[in-house]
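Step one of this worksheet: look at the structure below.
The letters A, B, C and D name the chains in turn, as written, and every chain counts its residues from 1.
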Amino acid sequence: MHTVIIGVIGADVHAVGNKIIEHVLKDYGFNVVNIGVLSSQEDFINAAIETDAEAMLVSSLYGHGEMDCKYMRENCEEAGLDNILLYVGGNIVVGKQNFKDVEQRFKKMGFDRVYPPGSDIEKACEDLLKDLSK
Amino acid sequence: MHTVIIGVIGADVHAVGNKIIEHVLKDYGFNVVNIGVLSSQEDFINAAIETDAEAMLVSSLYGHGEMDCKYMRENCEEAGLDNILLYVGGNIVVGKQNFKDVEQRFKKMGFDRVYPPGSDIEKACEDLLKDLSK
Amino acid sequence: MIKNKKMPLDTFLSIREEILKGWPTGDDPALALEESVKTLKAVPKHKNFATKLRRAKEEGVTLIQPRAGVALIDEHIKLLNTLHKKGGADFLPSTIDSYTRQNRYANAEDAIKQSKKAKRSMLNGFPAVNHGVKGCKEVADNVDAPLQARHGTPDARLLSEIIHAAGWTSNEGGGISYNIPYAKNIALEDTLKYWQYCDRLVGYYADQGIEINREPFGPLTGTLVPPSISHTVAIIEAILAAEQGVKNITVGYGQSGNVNQDIAALQTLESLSNYYLKLFGYDDVFVTTVFHQWMGGFPEDEAESMGIISMASAVATLGGATKMITKSSHESQGIPTAEANAEGLRASKIVTRLLKGQGFSSSKALKAEKELIKREVNELIYATLNVGKGDFAQGIIKAFKSGILDVPFAPSEMNAGKVLPARDKEGNIRIFEFGNLGLSDESKAFHKKALKERAKHENRDVSFKMTVDDIYAVSRGQLVGLPKAMKESLL
Amino acid sequence: MIKNKKMPLDTFLSIREEILKGWPTGDDPALALEESVKTLKAVPKHKNFATKLRRAKEEGVTLIQPRAGVALIDEHIKLLNTLHKKGGADFLPSTIDSYTRQNRYANAEDAIKQSKKAKRSMLNGFPAVNHGVKGCKEVADNVDAPLQARHGTPDARLLSEIIHAAGWTSNEGGGISYNIPYAKNIALEDTLKYWQYCDRLVGYYADQGIEINREPFGPLTGTLVPPSISHTVAIIEAILAAEQGVKNITVGYGQSGNVNQDIAALQTLESLSNYYLKLFGYDDVFVTTVFHQWMGGFPEDEAESMGIISMASAVATLGGATKMITKSSHESQGIPTAEANAEGLRASKIVTRLLKGQGFSSSKALKAEKELIKREVNELIYATLNVGKGDFAQGIIKAFKSGILDVPFAPSEMNAGKVLPARDKEGNIRIFEFGNLGLSDESKAFHKKALKERAKHENRDVSFKMTVDDIYAVSRGQLVGLPKAMKESLL
C-alpha cells in the first residue's frame, strides 16, 4: 500500500476538496495521511518523514499557492526526501491565468504534476499509480 | 413646418420603432408622413415627391439594410430629389459589426447620417433641425 | 368562403401541383409524396421533433432551442452543429431569411450569390426554398437533433413542402401569427388558407403514420402583448391545425417580465389549449408549451442581456414550459455569432437543469392571475366564435376586422391597432385602450383600475407616453417604464 | 469565563491599547478615538453603509455588492471604481487577503513588495492592516460608495480598528462565522472574545451617534449548509453583536439552489432575527438580510456561471433580500478581473431591477418550508441556550463542543464535523447524519424521510457518496447530484 500525504498549504482554509480527495484516494487503496488545511511546508515534510510517504498531494485553493510552494522541492531534499513525488492542484495562482504558463512555473519549482482548477481527482489517482510504478 | 418621410425599408416588418418615431417627430413639430413597414425605395421616393419632403428617415431593423438601401441616393436624384436629407438607422446590417465601418459604408452610399442600433430618436430630431437650418 | 373544415385530399393535391411550380426547386422527384414519406419515415427517433417533445414532457424537463440561420448550406450546417454541440441546443432551428418569407426567391438568389462573394451572410436567415429539398436534406443529414423551420412567412406552402420532404419534423407559424405581426396588407382569408394547406400537409403525413410538430408563433409582435390576446390566437391556431389533422402542437408565449403573470400564462396556455381542443372535438392532440425569452427590445450591454436570458430560463422552468426559445447577448445589436448564440444557450440550459422539477407552488396571486387570463381568453374565444357564427376561420377574419381581436403594435392593416397596453405597478401587462376588443366590461374595469393605480403612484396620466416608456423600459434596465422624476429616486 | 455581556468601557479601552501595538500601523494619531469619531462623522450619508441599507429597505430594493481586493492601494481604488461605475455596485467591499486574516502581517508585507515588483497582485485581497488608516482612508476618499471589510479573520481587532478609523462603515464577520469555516484550531472562547471587541468598538461609535453596519458571515462553508444551521449561527451572532451595542445588522444566507427553500430561508432569516433580538431585549436593532449567490463550486464555463449568477439574482429579489453578494464568470478559475467582476454585477443588477417589487406570493410549499426552518432554528437556539445555562456565549462554546451545533465541511477542530447533508429530490438541502445536532426526533425524522425518498428514486443508499455527488453537482450543471446511470437518461 502506497502512503501519500495530502493537505492544503499555507493560510488556506478550503476544506471541502481536501475531504473529498481523502475519500477518493482511500477508495483507490492508498494509505492516506491527511494533514488538513492551514498546513505549512514543514507540516507536509514532517508527515512524509514520519510515515515514509511516497508522494505529496498539495492543495492550494486561495490564490497564494505560488508563494506558499516556493522552495518546496529544495526543502524536501534538504529534509532527506529525495525522490518523493510532488503534485499540486486547486486554484494555485491568483486569478484566471493561462494554465500552460502556470504549469511551467510550478514544474520549474520542482513539482512533478500540476493540475488546473476543478481537476478530476480520479485522473490524479491514475497518474499517481502510473508514476509510482515507474 | 418641415415635412419628413419615415418608413421601414425592404421586406422588413419591424413596426414598433416606426410607430414611436412617428410619435416623437410629431412631438417635435415635424409634419410626418409615415409610409410604414415593407416599403420600397420607390415608396419612399414617391411619398417625398408627393409631399415635397425635406428628409427621409429610413429604418431598417432586420439585417438586409445594406442591400435594400443600395443606390438609394442615385435613385432619389434620378427622381429629381436633389438635396433631400437621407438618414438611416436601426439594425442596418447583419450581425454585430464595428459601427465605424458600417457608418462609412452607408455614408459612401450617400446617407447624410447613420445611426447605430437603439439610437435615441430625440438625438436624431436635434440633428434634423440642425441640418435643415443649414 | 373559408371555413374551419378539413381540406379534402383531392383539393389539397391539386393545389399542391400549383404550389410546387412556384420556384424551380419545387420540381424535384424528392417532392413526390411517396418519396417524402420515405424520407420522413427514415428520420431516426431522436431527430424527430414531435417524439422528442413527447419525451421531454414525460420527463418534465424544459428543452432549449435557439434562432439561427445563414445564407449558405455549409455555413448553416456548421452553425447548427456549434449550437448543438457547444451550446447544448436540444432542438435545432433554421430561421428563414426575410426575402423567402415574402416569397421573393429571386432576391434571395441574388443574396446567396452576394454572400458567396462577400464571404459573409448577406441574408438574415436560411433561404430554404432556394436551396430546395436537396439542400435542406443535406442540413438534416448533417446535424444530430430535430430540425424546425422558423420564419414568419404568410404564404409558406412551398417552404413547408420542401422542408418536410427534406425530413424536417417541425414547422412554426399559422394563418394569424404569421400574418398580423409579419405582413402589411395580406388578407387573413388568404393566410388562413395558406396555413390550412401547411397543416393539411402535416395531416397527410400523420395519416401515413408520421408525426410532425406544428408551432403557432406565440409572441406575435413581442411587444407588450397581454397574455389573453396571444393565448386566444395560439389556441385558435391550434384548433385550425388540429382540424387539418395535426396531432402534435406546441403553443407559445413570450415572456412578459412579471414572474407571476408569466407562470400563470404558461400554465393557462397549456390547460386552456387542451380544454378547447377537447371541447371542439380534437381528442388526440398532444400539446406542449414553448416559452420565448424576452421578445422586446434588449439592452445594449451583453452582461445585462445574459441576466435577462438566464432569468427568463428560471421562469420557463418553474412554469413548466416544455421548450424555450433562447436569445443571446448580441440581441440588441444584430444576429448573433455562433459563439454568442451558444453562450446564450449554455446560460439558459444550466438554469433549466438546476431548477428542473422544482415547480412553482400555487399561491393566491397565481390563482388570481390564472383566473383572469382564463376569463379573458374565454371571452375572446367566444366573441370570435360568435362573429364567425360558429366557425373559427370566419370568426378570425371578422374579429380582426372589427377589432374584437387586436394585437398591439402589429404592422398589418388587417389589425385594428386600437389596443394600447401598459404595465401595472407590479409589471403585469394590462390594457388601457381597448378599441373594440372582445372583453367584458368587468374585465376591462380590472385593467383600468390596475393602470390607474400605477398612474397615481407615478403621479401622471395613463397615456401612450406610458406605453412608450414601457417599450423602452427593459432595454434600459427596468420593467415598468418610470417617468424621469421617479428614475432618479431609484437607489 | 466569557459571557454574553457588554464589555465595560474601561476593559475595552485597556485591551485597545494592547491591540494597537500589534503592528506599526496601529501607532497612528488617526486611531485616537476623538480622531476616528471625527473621521466617521465626516463620512457623507450616501457613503454610510448603515444609512444606505436603511434606505434600501424602505424602498424595497435589492442592492448588490461584489467581492474584490488587491494588494496595492492605487490598484485597489481603480478596481473599486470600476466595480462601482462600470458594474453598478451599490456597496463596495474590500476583501482582505489571507495572510492578514491569519494576522501574518509580515507575510503580507513581503507580498506587497513582491506585488510591486511583479506588477500583479500576489495577494488574494487588500492587506488593510499593513496599509494602515492612511491607506484605508485613501481608499475611502477615492470611491463614492459605502465601504465594508470582508474577510474571514478570527482575530480582526486591529483590522477593525483601522478600517473604522478610516471611515469604512461596515465590517463582516463574527466569533463563530469567522472561526468555524476559517480556522483550524482557534478556540471559540477566543474568537468570541475577539468579536465582542469588534462589536464593542461599533457600540462605542454608536454611543457617539455614528451608525456602523455589522454583518455576520451567513454562508459559513458555503457547502450544503442547511438553512436552520446557518440561521442559528447568524441569529446568535446578531444577538452577541447587539449586546455590545451594535444597532445595524445584516444577517446572511447562501443560496441553496432550491427556489422555495431559498425564499423560505430569506424570509425566516429576517423574521426570526427580529423575533429573537426583541425576545432577548434588543429592541432597537435594525435588521436587513444579505443573499449570497451560489457559494459552492462553480462550473468552469463562463456562460453557465452567468446563468447561475442571474438566476440567483432572481431568487434574492423575489425573496426580498436587501443586499446580494455577487459572483462572476471567473468564479471556478480564480479571483476575477475587474471586467469579469463588473459583468457579474451588471447581469445581477438588471435582474434585481426587473423583478423589483414583484415579491413571491405565499404558497403551501413555502409555508411548509418556513415552518420547518422556524421549528429547527427554535430547537437549535434553545438547545444552545440550554447548554449555555442561559448564556449564548457559553452556549456556543458548549454546543459546538458537543456537536449540538455542527457545520458541514468546516475545517475547524472546534466543530464536531459529524453532520452530513444531502439534497432531497427537489434539491432542498437536508441532513442524513446528525451526529449530536440539537434537533428534535420529529425534525430528524422529516429529513430522513425526504432523503430516503430520493434514495429510492435513485435506487441507491443514502450515503457520503450522495453528498459528494451533490457537492460536485452544480459545477456539473445539476442541482441534485445524480448517479451516473440516471444522468444518461437526462435528455
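In the analysis below, a residue touches a chain if its C-beta (ideal position, glycine included) is under 8 Å from a C-beta of that chain, and two chains touch if they have at least 3 such contacts.
Please read all numbers here as calculations on a predicted model, not as lab measurements.
Taking each chain's centre as the mean of its C-alpha atoms, the one that lies farthest from the centre of subunit D is B. Annotation: 29 Å between the Cα-based centres of subunit B and subunit C. Averaged C-alpha coordinates give centres for subunit A and subunit C that are 54 Å from one another. Averaging C-alpha coordinates per chain places the centre of subunit A 65 Å away from that of subunit B. Chain-to-chain contact here is organised linearly: an open path runs through the chains from one end to the other.
Contact between chains, as defined at the top, is found for A-D, B-C, C-D. Interface residues of subunit A, counted against subunit D in their complex, comprise 10-16, 19-20, 23, 36-38, 62-64, 66-67, 91, 93-97, 117-118.
For subunit D in complex with subunit C, the touching residues are 52, 55-56, 59, 61, 63, 90, 257-260, 299, 301-304, 306-311, 313-315, 318, 342-351, 353-358, 360-366, 425-427, 474, 477-479, 489-491.
Residue ranges on subunit C touching subunit B, taken from their complex, read 98-99, 101-102, 104, 107, 110-111, 114, 120-124, 152, 181-184, 221, 223, 297, 300, 330, 332-337, 340, 409-411, 464, 468, 471, 475.
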